[in-house]
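To keep things simple, chains are lettered A, B, C and D as they appear, and every chain counts its residues starting from 1.
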Amino acid sequence: MSVPLGYYLMLGGVLFCIGLCGALTRKNAIAVLMSIEIMFNAAILNFVVFWYYLHNGALTGQMFALFAIAVAAAESAVGLALVISVYRHYRSVDVDEMKALKG
Amino acid sequence: MNELVKQQWLIPFLPLVAAAVQSLLPRKARKLSAGICLTAMGASCVLALRAFVGTLGHHEAERAVWNFVWFDYGTTRLQLGFILDPMTAAMALMVTFVGFWIFVNATGYMSDDENFTRFFCFLSLFAAAMLGLVVANNLLMLFMCWELVGLCSYLLIGFWYFKPSAATAMKKAFITTRIGDVGFFLGILMLSWQAGTLNLYDGGNGALEQAGKLAGLHGWFGWSMATTIAVLLFIGAMGKSAQFPLHVWLPDAMEGPTPVSALIHAATMVAAGVFMVGRMFALFTAGGSAEHPTFAMDMVLWVGCFTALFSATIAVGQFDIKRALAYSTCSQLGFMMMALGAGGLVPGQFHLLTHAFFKALLFLGSGCVIIGTHHEQDMRKMGGLRKYMPITFWCYLIGMLALAGVPPFAGFFSKDEVLLVTFQRSKVAWGLATFAAFLTAFYMTRQMFMVFAGKWRGGHHEPHEVRWNMWLPIAVLSVFAIGLGFFGGKYEHYLGVHEEELHGKSLVMGLSVAVGAAGILLGWLMYGRKTMAHAEEPDPLEVKLGALFTCLNRKWYVDEFYDATIIRATMLLGEFWRVFDNRVIDGILHGIAWTAWGVSQVVRWVGDEFVINGGFDAGCEGVRLTGREFAKLQTGRIQGYLRILCLGAVILLVIWYLK
Amino acid sequence: MDAIYQLIHDYCPTMPDWLALALAILLPIAIVMGVFLTVFALLTWVERKALGRIQNRRGPNRVGPVGLFQPIADGLKLLTKEDIVPNAADKVVHFLAPVLVVVPAFMVLAVVPVAKGFIAVDLNIGVLFALAVSTASVLALFMAGWASHNKFSLLGAMRGVAQVVSYEVPMVLAAVVVLMASGSLSSVSIVEAQRGLTGWFVCKPWGLVGFVIFQLCAMAEVARTPFDLPEAESEIVAGYHTEYSGFKFALFQMGEYVAAITMGGITVTMFLGGYLGPGCDLPKFGWLISACWFFAKLGIIVVINIWARGTWPRVRVDQLLGFAWKLLLPLSLVNIVAMAVWHFAPNKLVGWVESAVLLAVAIVALVKINAGQTFEKRSYRFTS
Amino acid sequence: MNIVFLTLSAIMVLGAVLAVTLRNLVHCLLALVVFFLGIAGHFFLLKADFLGAAQILIYIGAVAVLILFAIMLTRNISGTEGGRSSLGGAWWLGVGLASSLAGMMCVFVRRSELVTKLPYGATEEGVVKEIGKLLVTDWVVPLEIMAVLLTAALIGAVVIALEEEKKR
């Protein structure tokens, strides 16, 4: 396989920014969470890519990706529970309406 | 003994663990909470007993220490350590033992409280802190525990924080002791700076072992360095041990539950100051002699002496059963300090031990009385309790006799020694102390008669005897209140201090017995011969609640038959000190405050209107406008923040790119 | 794959290398697909026949000898039926769902060694792959239910999702035991680790328990009776495929049966020694004999499935989930411990006894704990 | 350049873009699943088989299902957002920022020497075993912490989601 490392990194960056774009623009909290998952995955992809190209025999990159996946699972579980809880409170999952912390 | 010292940490550790566990318990787990607490304290007590037995075989004042490194920073190495010597062992045993019985009593006293587990959590933490203070061989650790003790007393005094008076009292206690702690902390810093270590004993390199060297250095006000540090440390002890003028928090601390009062006033908090002075005794005496004592010793002596007399007079005029005991404690602490100041380490520490037992007994007894009379604290609304609460009565009587210094009881021996050692130093101090001892006997007698003699004056609810878990502790403690005094000589031997032959023994002892008897007799004359019939009946002291002059008149109105000059003088004196306390000391403080306020008013009048106003207002307006504008940025919308974050990242990248 | 490549090379040395390679890749896939589709067709017939026997009737007996061609007739009928798509349905998703139901089922086949040296892809994470991919079918199920825009469909789909997610946990944990024993995730190595007279993992206490758990979970995972709540016809019409007809419906049926077969294949591979059996190592016809062994064992699993379907009533939703979380999950955790005990035992006998006792105690305790519970009276939130 | 890489990446980007832009949440989710699958495919390409399987198992088997349940539980069963715009206020700002960030990232990657760095390539077989061994030796503490974290997340999620039920 002859893909230079840079292309993978660009792919990761672009995916991250797509996720970021979603997180910045979507109104629905669940959609925002999905966007965050995209960002997460882009970052995990970078771990694996760096592991593949630069690992020199160590498995640290893979281990890190593995733990990142596990953390992401926990994060999404709690995040979605929060979304459900917020929904019950506001009867809405619109992030524009969650502004109780307004200064 | 060298092996035992390595287990000293267990003594405070067990209650600490108990506190930690209890903090996690649900409210409902009352039995479990009390069980954990008592088990931990009992185990600590056994450990303390083991340590005590371990020290018994050693006649010399030898000590085992065990220091360990806490952490290093730079080249400085912070050490903590534990100590095992006779004074520590005796103190730890006393604290654990008395504490254990106080805990037992508390299970009864707090049985109706819904925050039972919280109470026991704090109580355990308090015991842990106090024990840590006792076994510490390091001023740093001692200071940490010292502050922890302060914190716990704050929490416990304000346990019923929903009562405004309790909330005020907790703050007052905390702040007043904090004033003393400033001095204490300064002293620690100076000691660390001068001695280079905070370890008390460290095989010749400890801070106390360098006291001689410190005495040679120059400190403040022409004192030697040792004396300077000692004075600063003593300021801390004044706060903790409620010595004049930092005594004001102690009576207010009565807002806490009664077991707390017992713990604070007998075994722990107030003892901490006296114990600390005893612990740092080498520093106080360094550079002085019996003929020419250091300033620090003089200060301890006279502050103690004054407090002893001053508080005793106040105690005479109290109606609240616990408040009277609180002033009495102040007074007794004065005795201890006075003994220490007079150079008598042994009498001071010994009086601390005996006092802990009988004062804990008295406080727990008063707790029993309060529970038995359905939360009544006013002595005028009691009376005749002897009939209803016989066990409490007998125990309380023993405690009272011990405090009054009646011969076979513990208080007699220790107080006698205190007076004796004071007699060697200063006849004036001795005289004042003897008078205070007389007052002590008097106010205790008054209390006894008001509470236990006569008829029940409290209304429809008849008092009842308390449950076993409340009277058992005071029964146990009363055994010690009787017997402990006989070990005075042994204790001296045990501490390994061999004092020179004291003169005037018979005179001091005789006079002590005489004033004790006189006080009791006088008390009986005033209160015992004709007891109060009902609660509204004016008491000689009830007039105190009114304005000063009408007070004086009405004070003797009913009891003019018993009117005697000496009592009148006493009353006047007591009244005077109360007023002095209220008006003069408070007045000075108020004066300062008012002056500052006045100055600020003037400044405002002159400067504000014409000079500062315009510019300042403009500035304020600017600040407010900016604030309003910036507040708009905080929209509460998470995406807005994310946007700003993203913008920042882009800007950073652009800057980096252009660089 | 290598074996086939070798075979082609031996018989047709003139064939170009790339063609041989392509054949070696495609041939096993084609064979596996063909074989399993035949097995699927046969299975429907066997199931209907067996159910007929259990229910005291004849079952299909009109088309072909003893109704053997019934599946072909069914297929032709479904093919020629009108394909109805509801108006309100989400067209694209509605179309994709039946396709996606079949795909994971077949993907799992790739890692099942049907005979010695006969496996489509010998991944070194074979079992994990199989478990992961079979999970993905849950989404197809949901897509079908959701896209139909029908409340029964959606209810069925959500039931299916909840069920699959719940049973996946004990299933993976039961598989862990096998992975611990064989020290590998590759399905071929797992099979090879079971050589010997009593080498099959099912012959060991933890293996037996693991097998039972795995089998139950597999049945639930592919929604076979008694765990067929997603398509419970007495409650929600036909569940997630209510709105499907014609060949799409056939695809759902196919997906379900193929999934059942592949899960059976995984079970056989992991617990019943896969293709192992007397004669499987013969040089010439070993692969044939081993294939026979594999399909014989698969047949046993299939019969167990049919038997269970014929004899057990459908469980309720709360019973279904409670069974997974309160009994299977703890039991599978204990099973892992039992495996560890086995592993660290000083000798075989001690390990046998210890793990057996541990598991017996756990089973008795769990059954006791769960038996005492009575289910709450059903409350209806939306009754007037 | 590799055709597999390009195809997979194109599918992934498409999936991600759709997941971010589609109006219907369920469609978003399905696009997201495509994206997840693409990531898993990349893992397989990069010879991280175990991670690929884990990715499918966790993201498609668990996270996607979780999101699904969230969509269903917020009574948004049809998945649409009721005719209103699915985009929040100032969406153009978000798009602009994200795209400029992406541009900057690409620029930086191009500038670095990493862009021409050729694959290290060689990967030993039996990496799965190594991962297993590492998990219980060098990485055992993170593993345990992860276990605690997951338990806490599980309990937390249950508690948060149950809160309202209790009050009812």
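Brief remarks on what is shown
The working rule: contacts are C-beta pairs under 8 Å (C-beta built on N, C-alpha and C of every residue); 3 or more make two chains touch, one makes a residue touch a chain.
Worth saying up front: this structure is predicted, and the values here are computed from it rather than measured.
For the interfaces A-D and A-B, the C-beta contact count is higher for A-D.
Computed from the mean C-alpha positions, the centre of subunit A lies at a distance of 6 Å from the centre of subunit D. Subunit B and subunit C have Cα centroids separated by 76 Å.
Annotation: 58 Å between the Cα-based centres of subunit A and subunit B.
A straight line joining the Cα centres of subunit C and subunit D is 28 Å long. Contact with two or more other chains is made by residues 50, 54, 62, 69, 88, 93-94, 97-98, 101, 105 of subunit D. Residues of subunit B found to touch two or more other chains are 639, 643, 646. Pairwise, the chains that touch each other are A-B, A-D, B-D, C-D. Looking at the complex, you find that subunit D touches subunit C at residues 24, 26-27, 30, 33, 49-50, 52-54, 56-57, 60-62, 64-65, 68-69, 72, 77-79, 125-126, 128-129. Residues 631-639, 642-643, 646 of subunit B are the ones touching subunit A in the complex. Taken in their complex, subunit A has these residues touching subunit B: 20, 23-25, 32, 95-96, 98-103. By the touch rule above, subunit D contacts subunit B in their complex via residues 88, 90, 93-94, 97-98, 100-101, 104-105, 107-108.
Of all the residues in subunit A, the ones that touch subunit D in their complex are 1-7, 9-11, 13-28, 30-31, 33-35, 37-38, 41, 44-45, 48-49, 51-56, 59, 62-63, 65-67, 69-78, 80-85, 87-88, 93, 95-96.
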